[in-house]
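First, the structure itself, so that you have it in front of you.
Chains here go by letter, A, B and C, matching the order in which they are written, and residues are numbered from 1 within each.
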């Protein structure tokens, strides 16, 4: 086989090879490829867009240093994060020369063969930055030059790319204590891009989070309610939700190791909260309090209409060394087994039959798709299933999701796509992948006579655009 | 794509698109498409067939009201079961106009896109009732008219359809306390259709079943043995099994949340049973008693030759509101994680090596297929694997089953197909789907050179007909 | 379909049927089909090769009696192991006429339809022994004659086949107490075949292994260190590892029901060890001691450089009757659920970030592939994933492995193939299957535009040869 130095981005990439299916997939994809992007759950920093003249920095600042998908793979092969320019908590030395960081990345680009990160990077480099050559150790510096030059041009500023990416709306993820300064700046700026905040209270809910008491102080401060009791804690949260809602929030988001839910008596909730305030809450307290708060948040969602997202099953900061040295979100979060049927029963019996609630469930444990989540979504009026999350936001992850979820849940009990990314330039590549894989899946149903072409054309619109808008109540 | 108002039921539906595989699949399917149906495990009400002039009622009576696969999907999208004419336990008002019920169903028929229910309904409406148009909100009433007219004709009475469906034998599922009145009527009527009962004692075995003590009274009455002790309980069960066997039963069936098995000392079994009789059995009592009874039933199966079926892992009536208002079997049973390797070890060590026992295992937890069930079936002489159950009785469910079970268990340690349905008119569609998917799976082995055509032609006969007959010892 | 009496071993077997993918797969496969075999983890008895004139015995000695994959399938269908000539522990009667054993096997050869064992046997009989006819009950004795005649010829002696199979290196699996007599004979013999031992200390580590105290006595004897304390136990193990290393060992191997790891205080380890020496260790002692020893072995691997393999999740000797009558490795080992994320956390936090450690993980619980193992391998520098193990070393098992592991772990965090077999003549068939399935998987990536042909040609070399050599540090 001859040496190929171009990116391999064929028009019909990611489709199954059988020609009839591929032809149908291509047609379906073409019908939605240019629709606006709905991004109801992302981790893009609103500061990027708040400044009209914001910049992404260097190619390494853009593509490597903030993206734990990229650097965790290099780390897994023995490359210290220091060498990749990842900032240390203690401010100790790390690589400052971004050309060196880029060279390491290029030298090891073969590590991404067959991975979704590899696919996204090829798409970004080619379609966003016009790089035609495949990245190698040899051409690393010349490609760095090209990207660097582009990044200095106004059409590669964040707001310009936001428009070019055709993003109709993007929802960020923001701490309950966040003052939403950048969202306020965005709204005052008169820029037409729609950026909405999402209420994410984990840091004040998980009693054993490092710095929890500081977080509670911040909550008191930001809400103006002295959080000296469980009762006030609830009031402060309700207050913050109202503020978020006034700032355009449509949803809340909750991350939890386990889907365990259980309602505490008020006195018990109060007692645990007091122990926590005195630094005396133990793991079991934290577990029970979290189980209770998930139910409380369902109640609040019914009251204020914010869509409730529940992300279950990530063991955060599994590697203590990396956490101690570099902090959270360093590619060291590892999934674990998750149970939904028994754990969510208290919540679902109390709130799951209420059509005012929208509860979107996300899992990292794919064995729950067909076994628990699809049956739950296919029964309870409140429950919808989120798209394949994190590690599963991949070609095979999507295929497995379609395969295991759709027959039992039905497409209408799902919510389209979330990109869930902090890697801004990867957003079009991720949505494009979803649209291609959706088209391919539907085409597979068509060639097998499971749905007809009329249904297929509705389904692809749902998956690419309409379901996300409907589920997140986007105006 | 142009509007398509016909059902899309191509001759080669459900086969993989690659032409060589599809051609082989078609040939294999053709070789078994017209074989009689063996239905060794169904939930059809024998009353339907006991009356020579029985009727299915209205189209809604036939296709919606008794079929929780259908109405749970509508409920999941916020449609109250009352609006669908589902009878309430308290006799309160529900929709009586079946044309309105049908209209709701037709308006929401898009919910079934890509679902097995959608596929079965298309097949039933087209092949059983001759409806050529695809069901929509617009043509709902006209299609209702057509089905209603058909249902009034003698050739659409249950017995006529039973013959038309070419059902060689159908085994119903009947409570241990059932007097089998309708089976007796059937046998006395001289009708040639073969309907056999199956012994299902769950309601007297699960100590915490609502109404357990009433069930025990019924057991006393029907067996003529006063069930005042564990010892008499066992005698009464043995008596009922003998009666069922005399009525043609070939099998017993047991549903259990967990596969946990453990043998109690007789004194302990007696003590728990007495606590239960006095309304004092707790959850742990019930769990241990069930674990013990599963072993007892294996012993009885060895004694009387009834095939033992074990259905593991459904959490029944997960939604208390729906259970309270409408009762059981309302689409609110949700699967949960199941463990077999450790749980079944006591039973298998005592009885699994006995070639007189046939123990057929069913799971809702597909992760157990390749990990636990296929290795167990591929080792223990007594163990066979039942077909994909419930939610997994679908195109992808069957594919996953073939993929994960067959290599390790071997086809001969499986039992062909069960339709497991209370939806009588869906029986041919379900068996047809199994036969098509089986043919497609085997064709996939042929095109990959894994089996030759000689083996393939034997395998499809096994899957479509012979394995079910052999496993259930059908004469 | 006409009767086909030839083996069906097409050149392009096991490839997906779509012609473009098949063509690419064929090319990729051709590029590695004739590379030497790297067998870094096998269970071949070194005695076979130690004797220059060794023999495999009869066809039943070669293909049935030592291969639990074969006889467990026959047993599952009710054939007693006695009838298959499997030796009893008590020396009681079993079938001595190997022609009768062979006849039973041939009569039941249909049980292996669609199984990996069936595929391997076809390959062995055809490609190793030149048998052209498909095995049936009719031709059983004539095929027996042909194989028997071949086995008497020098070119079918073990060493000759080792050369013919083009095995570059084979690592056996040997008890910690093994004197490695046959490895010494092999080395002294001047034969050029490379056979290396692997250190497998399970029998002295699992405190509740039958005969544990005898194993400890053997350890004292072979190490020359009186194992009267935990401290000496560790010293003796280190001594044995040094000896194994001097004999060419590159790796250690550890089998454990659970991946649970935890470090004991030295005094606690000492206390448990003393209880065990006095026959007083209970199951919890054994569990905790094992958890501790896994961590100790990681420490030793860092010290001495032996690659650490961890095989998790087999419940050995599930069937007590078979164990009592025939002993271990009788096809009665059944997998169970396995957890890695929480269980390995202590080990990984202490040693997983050390690039001197190579820890290769194996599972029988495929649900852990995408959920836990791929994320762990894709993060920790020390962790690599072993190939699909045991039941999963099959066509679908490999497909599932590629599908679920590669996107998140990346190919470079895997280790190529292990045949893991005691069935010597099946080695080429197993590696050939892996190479074909690897080629097919990569071809699937190429036709979908996920990798280009340049990458594909590197990937197939990695999978067929290079990754195994690199991971096991084979010179």
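By definition in this document, a contact is a pair of C-beta atoms (placed from the backbone, for glycine too) under 8 Å apart; a residue touches a chain by one contact, two chains touch by 3 or more.
Keep in mind the model is a prediction, meaning the values are calculated, not measured.
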- Examine where the copies chain A and chain C touch and state whether the two sides share over half of their residue numbers (same) or under half (different). different
- Note on the structure: Fit chain B to chain C (C-alpha, same chain sequence): the rotation, rounded to steps of 5 degrees, is 120
- Message: Roughly how far is chain A from chain C, centre to centre by C-alpha average, rounded to an integer in Å?
- Response: 40
- By residue number and range, which residues of chain C touch two or more other chains? 18, 367
- Message: Which residues of chain C touch chain B once you look at their complex with the stated criterion?
- Response: 1-4, 8-10, 12-18, 72-73, 75-78, 110-116, 118-119, 134, 315, 318-322, 331-332, 334-337, 364-367, 391-392, 394-397, 400
- Inside the complex, what are the residues of chain A that reach chain B? 18, 20-21, 27, 339, 341-342, 345, 348-349, 352-353, 355, 367, 370-372, 374-381, 383, 403-404, 406-413, 444-445, 447-459
